[in-house]
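After this come two complexes, each holding chain A, first together with chain B and then together with chain C.
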Partner chain A sequence: MPAALECRRLAYRYPNADRTALNGFLLQEIDSIFPAGQVVLISGISGAGKSTLLHLLAGLRRPTRGEIRAAGQPVSRWVAAHRDRWRRRVGIIFQQDHLVSGLNVLENVILPLIPRSGGPGKWRSMGLDILNRLNAQQLAGQAITALSGGQRQRVAAARALVDAPDYIMADEPTAHQDTANARRIGRLLRQAADRGAVVVVAAHDRHVEEWIAVDQHLKLDNGTLQPVP
Partner chain B sequence: MTACRYANILWAARELLTRPGVNLLMAFSVGLLATMITTGLLLSQALTTTTAHLLAEGPDLVVRRVTAGGWHSIDAQATARALTIPGITDARPRIWGTVRAPQGPVTIAAADQDAIARWCPSEVLRPPDQGEAIIGRGIAFTDDARVLTLQGESSVSVRVVQRFMEETDLMTHDLVLLHPWDARRLLGLAPGDASDLALGVFHPDEAEALLPELAQAFPYPVHIATREDARKHYAAAFGRRGGLGLLLFAPAIMALVLLVAGIVRQQIGDRARVGLLKALGWTSRDIVALQVTKALLVGLPAITIGLTAAYGLVYGPSRQWIGFLLLGWQENAPLLHLEAGHAAPIFLEVTGILLAPFLAAVLWSSLVQAASDPQDLLNRGN
Partner chain C sequence: MTRHPLLLAVFATDILTLLLLAGAATVAFRVVLHWDPKDTGAQQLRLQAHSETAALAGAWAFGLHLFATVTLIYALTNILPDMVPGAMCGTGVLQAMRSGGPRMLIFRLVGLAILWVWWRMEKVNRELPESPLAVVNARLVLLALPVLFLAEHAAWQAALAMEFQQPVDCCAVIYDQFSSLDDARQTMGVNNPSWMTAFSITTIGLLIAAITTWKTCAHRTVTVLLAVLTMVWLPLSAIALVRVLAAYHYGVLHHHCPWCLFLPEHRMLGFPIWAAWMLVALEAASALALSFFATNPLPPLDRMAGRHAAGAARNTVLTAIFFVLMTVGPALWWRLRFGVWMTG
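Moving on to the complex of A and B:
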């Protein structure tokens, strides 16, 4: 069972930020706990800093101040080599899908598995399984350039979930999806939380709660997180 | 090697196929560089080895009679005169010279068992009878009757009865071995006269000390050449042309610099992909291993093919035009001698010269990127 992810006085300012508002800090003094086994929804207007917060939680950036702790360990302060290893436990769905155009759908999905144990047979089986659960198995051999926006987003979701990570950061995971596919993604995220993963979803679409069973809803406003009743 | 390692190699190969054009071009460049550098080094090595072999087979000293008009035949008493000098152990009058054949000048030599033993150590050849010839592989004759017409002091037509074996090509390439009677006619030598006198000495290293006394043993002026003179002559001849070969290295080094710069630039252009891989849980070590595997998959076969091509250029049929290009050989090029003990270090050297900067460029740029935060790489890459 993975432990909770915790923000302590977390603050972030882009290096070249305009310092007129909030002294340039996009995020400031965030103290929050994202418990294991729960889906936490973070909403907020565009530009509020939802994606940046997810990137910080996923270990893709270092905070300007404060820290992020996983299982009580200050992962945001770790040296690059240790953070690299910790990141293996994280699955991230980017807002911009960041798929590799030279690889086909299945190859994109299995990218996180390559440096780990197993071989092509196991990778293929795991990739097809997750694609199947997202109703995208028929896309396995297709080129990325041939996919629609919704299909690309489902492939990106499959890539994030293929290795059953302990920490899942999903940035607008249901964007461009029809209701049925949005529900599929929501169901998979719920299942991940039910097996004990920490799931953090960022979305500005208020309908997302219809598709994903959310345990906690936080709103990011003026650089701070506030609970939404 | 574990199954996982094989799988990672397979994946590296798959990644290369995402940019087949660029990677093929890279392989071609590396292979061409390997060919250029190895050809120069191998040719130089082959010539040195070949010259050493030739000289080892030759006499310690060669005495030629000289006059104001140039070369003159040496008389029948010369052998006895040379053997009066202490330290001279062997004196052998030689009949040889250059005459015209239909395709150009050739070297003729009078055949005796000693000459055959020197030129064809692994083969038993019957010395040619009068009117017969044994010829080297660089000499062509066209008519079905296998007749070769030679033009010297007089014209002599001989029937070709045999060719020298390929492995003796170094020494016999443009040689026509004749009966002494035919050779004398072509060179205009009187009975008993010879072209020069080949001498063996008891201490080859001290051959030069015998020169003053030897020169005085003859009642006419002579020119005495030592083995060291011959070595210097060959070295100078090859050195003049070899300098041109060195010019190959300048563009080769420039190409290597450009190649390394290209690799670094390509790697930097790949920042977004490296950032993505890190975001997906690849460690810096995984990424460096992937990039090095990709570099080796491109570099090793390319270098192997380059080395093979260089070997073919120097030792294969194409030595004709590489010899013409780098050494100015106008006629058919002889087979050069290869010693594995000399060629292997060249192959290893070139592999190292090319692989080291190639891998260093890949490693350096991979390590720099691997140390960055994934999101920075993703942002900068886009």
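Moving on to the complex of A and C:
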């Protein structure tokens, strides 16, 4: 069972940020806990820093101040080799899907499995299983360039979830989806939380809560996180 | 001064090494002054990120310095003797370099030793996510920089001092050290069999101490004993090799030259033999440095430091055995083959 993710006095400023507002800090003094077994929704206007916060939580960026702890360990301050090893336990659905265009859909999905144990046969069956659950099994052999925006986003979700990660960061996971597919993604994220994963969803779409059963809703405003009643 | 491409390559590598190390040293200086692992402020986090880059620069500097040192020794022993009139091996070349040559070698080897210990400690540091040896390692980087700078300065002086018109005496210098056969059979007033006995006893002691250090994961007292024995063993083994055992490689008596071993006529055995000799020193020093952290109250650090110190002690054992095989082996073979020692 993975432990909670915890932000302690987390602050972030882009290196070349304009310092007129909030002294250039996009995020400042965030003290929050993202418990295991819960889906936490982070909403906020475009440009509020939701994606940046998710990147920080996933270990893709270093905080400017403060730290992120996982199981009590300051993972955001670890040296790169250790942080990279920890990041293998994190699944990320990026806002821009970042799929590899030279690989087909199934190859993209099984990418996170390759450093693990098991062989191509097992990876293939796991990849097809997650694609099936996202109603994308028919896309398995297709080239990435042939996919629509919604299909790409579902493939990105499949890639993030295929390895049953302990920490899931989903940035606008239901973007470009029709209601049925949005519910499928929401169901998978809920199931991940129910098996004990930390699930953090960033979205500015008000309908997200209709598709994903959320335990906690936080709003990112002026660089700080506030609970939404 | 010569512009031989090999020497130019050494100088270019040295300059690159100094630049990398200077970059690492600027971060190391800030680490020594400001490092506070409990602080989560912007300065500390920036320092942590920079120290990772500095460690990478330090590792490259170490690798380049090692490469340049081996290349330089190859040039001294196999390239430059053809250019210096009268030189047959490194002895003649060092003569041509005047005082700069030996100083350059000493500073280089001291710099190598500091960087070697740093590299060993940095491996422990990187295995633990909190980088608990950051400050100690930063001090080692700050120590290495001036030593390597002095080595480079001495190298330039040595290169500038070389005159290719003036002949040198080379091995004649070695024979000039003694005027009678009795003189040749002793070193610093002590006869050579006594040096060999001291070398044999110290080697056995060194091996026992190194094996105990290895098996006890660097128990402090044993590791200190290993360091002391290594300090005694280094000059004794060098004397035993140059004054007695080298004769079995050269096939002639009383040719007390450490550099001729690097020549192709002697299968360049100087490289592995002196490398093993140096490695014994470096690994024993690493085991000692790491043993100080093997009793650290921070549990992962003590385990990790103990494991690496044990590894260093194991390497000391293996390299010491290799040195003995390479130096004493030919003498034993001679004895088995001809029934007598070369010295009678």
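Methods note: the second predicted complex is superposed on the first by the 229 of 229 C-alpha atoms of A that agree within 3 Å, B and C clash if a C-alpha of one lies under 4 Å from a C-alpha of the other, contacts with A are read in each partner's own complex, and residues count from 1 in each chain.
What we mean here is this: contacts are C-beta pairs under 8 Å (C-beta built on N, C-alpha and C of every residue); 3 or more make two chains touch, one makes a residue touch a chain.
Note that the structure is predicted; figures quoted are calculated from it, not measured.
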Does chain B (first) or chain C (second) touch A:Gly66, or do both, or does neither?
second
Contacts of A:Arg8 with chain B and chain C, given as first, second, both or neither:
second
Going by the contact rule set out at the top, does A:Leu103 touch chain B (first), chain C (second), both, or neither?
first
Look at A:Leu27 in the shared chain and tell me whether it touches chain B only, chain C only, both, or neither; answer first, second, both or neither.
neither
Can A:Trp78 be said to touch chain B (first), chain C (second), both, or neither?
second
A:Arg159 contacts which: chain B (first), chain C (second), both, neither?
first
Is chain A touched at more residues by chain B or by chain C?
B
By the touch definition at the top of the document, which applies to A:Ala48: first (chain B), second (chain C), both, or neither?
neither
Note: overlapping chain A surface for chain B and chain C spans 62, 80-81
Could you pull out which chain A residues touch chain B in their complex?
55, 58-62, 80-81, 84-85, 87-90, 92, 94, 98, 100, 102-103, 107, 111-112, 114-120, 123, 159, 163
Could you pull out which chain B residues touch chain A in their complex?
3-4, 6-8, 10-11, 14-15, 18-19, 272-273, 276-286, 289-290, 370-371, 373-376, 378
The residues of chain C that touch chain A in their complex are 40-42, 45, 48-49, 52, 126, 129-131
Interface with chain C, chain A side, in the complex: residues 8-9, 11, 62-67, 73-75, 77-83
